[in-house]
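Letters A, B, C and D mark the chains in the order given here, with residues in each chain numbered from 1 onward.
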Amino acid sequence: MNADVTRQIAELRETVARLHAELTRNNLVAWTSGNVSARVPGQDLMVIKPSGVSYDDLTAATMVVCDLDGVLIEGDFAPSSDTAAHAYVYRAMPEVGGVVHTHSSYATAWAACGESIPCHLTAQADEFGGEIPVGPFALIGGDDIGKGIVATLAGHRSPAVLMRNHGVFTIGRNARAAVKAAVMCEDVARTAYLARTLGRPVPMAQADIDSLYDRYQNVYGQQPVAPAGS
Amino acid sequence: MNADVTRQIAELRETVARLHAELTRNNLVAWTSGNVSARVPGQDLMVIKPSGVSYDDLTAATMVVCDLDGVLIEGDFAPSSDTAAHAYVYRAMPEVGGVVHTHSSYATAWAACGESIPCHLTAQADEFGGEIPVGPFALIGGDDIGKGIVATLAGHRSPAVLMRNHGVFTIGRNARAAVKAAVMCEDVARTAYLARTLGRPVPMAQADIDSLYDRYQNVYGQQPVAPAGS
Amino acid sequence: MNADVTRQIAELRETVARLHAELTRNNLVAWTSGNVSARVPGQDLMVIKPSGVSYDDLTAATMVVCDLDGVLIEGDFAPSSDTAAHAYVYRAMPEVGGVVHTHSSYATAWAACGESIPCHLTAQADEFGGEIPVGPFALIGGDDIGKGIVATLAGHRSPAVLMRNHGVFTIGRNARAAVKAAVMCEDVARTAYLARTLGRPVPMAQADIDSLYDRYQNVYGQQPVAPAGS
Amino acid sequence: MNADVTRQIAELRETVARLHAELTRNNLVAWTSGNVSARVPGQDLMVIKPSGVSYDDLTAATMVVCDLDGVLIEGDFAPSSDTAAHAYVYRAMPEVGGVVHTHSSYATAWAACGESIPCHLTAQADEFGGEIPVGPFALIGGDDIGKGIVATLAGHRSPAVLMRNHGVFTIGRNARAAVKAAVMCEDVARTAYLARTLGRPVPMAQADIDSLYDRYQNVYGQQPVAPAGS
């Protein structure tokens, strides 16, 4: 590797290690059950969490580097057991720079019921552009989970998919955006759960959902701004 | 600006920055989705959160100053995307010195259902004087949200409104009072949700609600005291 | 006051100030809505939280001393607005050395429904000896709340009462025991809520409840031990 | 005791004391209601929490050592009131090196209803191999709780049992594994509660559950790796 790639990887190790703290801070994970990765821009490489290392012990040095077939290239630990799913997404979706996986409780409850989260909130329209979709049931150990994620999210506005009976995968232009989508997905899933069990959520007009999403995406395209509510 | 106004703004920058920590401490916000503002007394100015800055990075220096049309007057960041709503409230309600906006989960679930929170708790009678009302659905980007807030709260006892399919706005004589209303609104919304899903909440007599509210308001008018429960 | 009483009060100021941290740590309170007091042994005095002071600012020095009519004897702040209720309990129940009041969410939801918490848990049998009872609706401002607490708890095994549409009061031989009862009351109220909304809680035989309670009380009478589960 | 055993015990005191912090961090316990123990390998001894000591005050020095009849061998405090149940498990299940007991809210709600937790999540298939079973109601004070745990878990894939109307006991090859099972049990119990109250959880095929469990157990047998999701 040349010096630029080496420096990029060093920075991404630091970034990805630090972003895992957002998973614990936002109560998205139990024990070691969640992971963040980042694509190394312009390389067929990614930086990802090591397997079975507790969040307290994650540092830039403990992160591992894999190629986009999930083969370990650099690092002292085995890569996350979800590495194949992350790798598949990077291979199939070149615009994706970060992937996050969690079993966050409310979102996973929707996944256990095989139900997409209907859009009853302006914050959901901003970030997800409508419903958060359910993906297929898929076993770990091959490309099935990755295929299910890509089949569901390709061409969809939502950066989050609820994999049936499993949990959440989110994507973003970089790892930070994917973490933000994971945080917002659980927040939306919780409020949607509460609304559903409380009463009768009021549907939003599709035109209003489109308008909110378009505004956020377009404004977003011009300059770094935050969505409504920030 | 003269020296007094400059000093006032410096103090409000500090106060408003610090009050955002109450939003995170009380679990009212996810990622960057909530904001606090304060009117600069006697000026057509307000201090408000910058857009898209994470709560960890908020300091007095990162706060921004806008006029009451929402135009940036002082600061290195764009103002919160909710600035127009805050500004409209300050223009329409001269007695308001602070405004808070959140998507806190339980209150927003009531908002998603388009239901006001009925008053089954003495703490709600103290602080809100009865039900917490629902405001209209309104799109971001103009004065519609501000108009909806003011139309709902003008002449109402409650300092909090549940904007339909959106979230909570609270007002107060200063920013701290508005933050307190946001904390109490979520607390009341959670207990009301639990009571509704548990059994049949017992209605309170209107005379008892009035008596609790009047006592708190009147005692409050004479000297700084806290409501029942403090 | 003689030197012994002065020293006792100094120690209780410290103890009561510190015990408030258990209210926040266990998520029993929002903003300033909860308070702890302790009787000064052998004196017609109690140490109680000042009104409207935030939990961050509570120190031994900010606590106040009142007589058992609720009149301020020593301190720089007004006593808690719930002082009359605490005072009534100390006057009527000489065995009580500590009183705690909260609006903790799950317990207050049962209170809003006017339902006592049925005993489906061994931990509840240990600590409360059976159901946690509901007390009457009572307005603040006189002896009505205190009377309702005493009428409900006198002769009852439970050290906690759910005051209707209001919140929780707990008693104990000292302030720490009352705080423990408040923590356990919310824990039991949460599990009972979850069991009720999940399915059909299995009733416990009265003989088993009695046996658990007797064992805990008797063992407890002989030497300081903890209940089952510790 | 020879020097090796003395050193082993010193290390286990440290480990067991530290593992209690995972109970509080993961919100599995209220006040002092949860405990961890570890078998001293090759000895008829275990290290366990002292009774009634708050989690803040737990250190290696405050842990106690008992024999496998629950008799105190070493330590300045009485052993946990659940010592008899831990001891029975170590006597009956020689492969068990650690035991944990909690009243964590969601799992205990399933226990209060006398319902096992059905397997609707891949994470549950990984860790528990299917449903998490309910054990019998049993009174404290003899071997009944221990017998109920062993009768339910012997030959069962699950390392966790929901003791009816009581709480959770988990086992593991060491104390850390038992703590992990307790954390995952509550996580699974919460998601299963949310799914049940939200809609209709989708059943998983038994073959898929078996496949997930076998993969995890077999891979696990070969080298230290983490389950899916880590």
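One rule holds for everything that comes next: contacts are C-beta pairs under 8 Å (C-beta built on N, C-alpha and C of every residue); 3 or more make two chains touch, one makes a residue touch a chain.
Quantities reported herein were computed from a predicted structural model and do not represent experimental measurements.
Asker: Look at all chain centres (mean of CA atoms) and spot the one farthest from the centre of chain D.
Answerer: It is B whose centre lies farthest from that of chain D.
Asker: Can you tell me the C-alpha superposition angle of chain A onto chain D, nearest 5°?
Answerer: In short, 90 degrees.
Asker: What whole-number Å value describes the gap between the mean CA coordinates of chain A and chain B?
Answerer: Chain centres of chain A and chain B, defined by C-alpha means, are spaced 31 Å apart.
Asker: What whole-Å value do you get for the distance between chain A and chain C if each is reduced to the mean of its CA atoms?
Answerer: Roughly 44 Å separates the two chain centres.
Asker: Which residue numbers or ranges of chain A touch two or more of the other chains?
Answerer: Residues 197.
Asker: Please categorise the chain-chain contact pattern as a line, ring, star, complete graph or other.
Answerer: ring
Asker: Looking at the whole structure, which two-chain pairs count as touching?
Answerer: Chain-chain contacts present: A-B, A-D, B-C, C-D.
Asker: Quick one: which bits of chain B touch chain C in the complex? Just the residue numbers, please.
Answerer: Residues in contact with chain C: 26, 120-123, 180, 183-184, 186-187, 190-192, 194-195, 197-202, 204, 208, 211-212, 215, 224-230.
Asker: In their complex, what parts of chain B are in touch with chain A?
Answerer: Against chain A, the touching part of chain B is residues 30-35, 49, 51-52, 78, 80-82, 101, 103, 105-106, 108-110, 112-115, 137, 139-141, 164-167, 193, 196-197.
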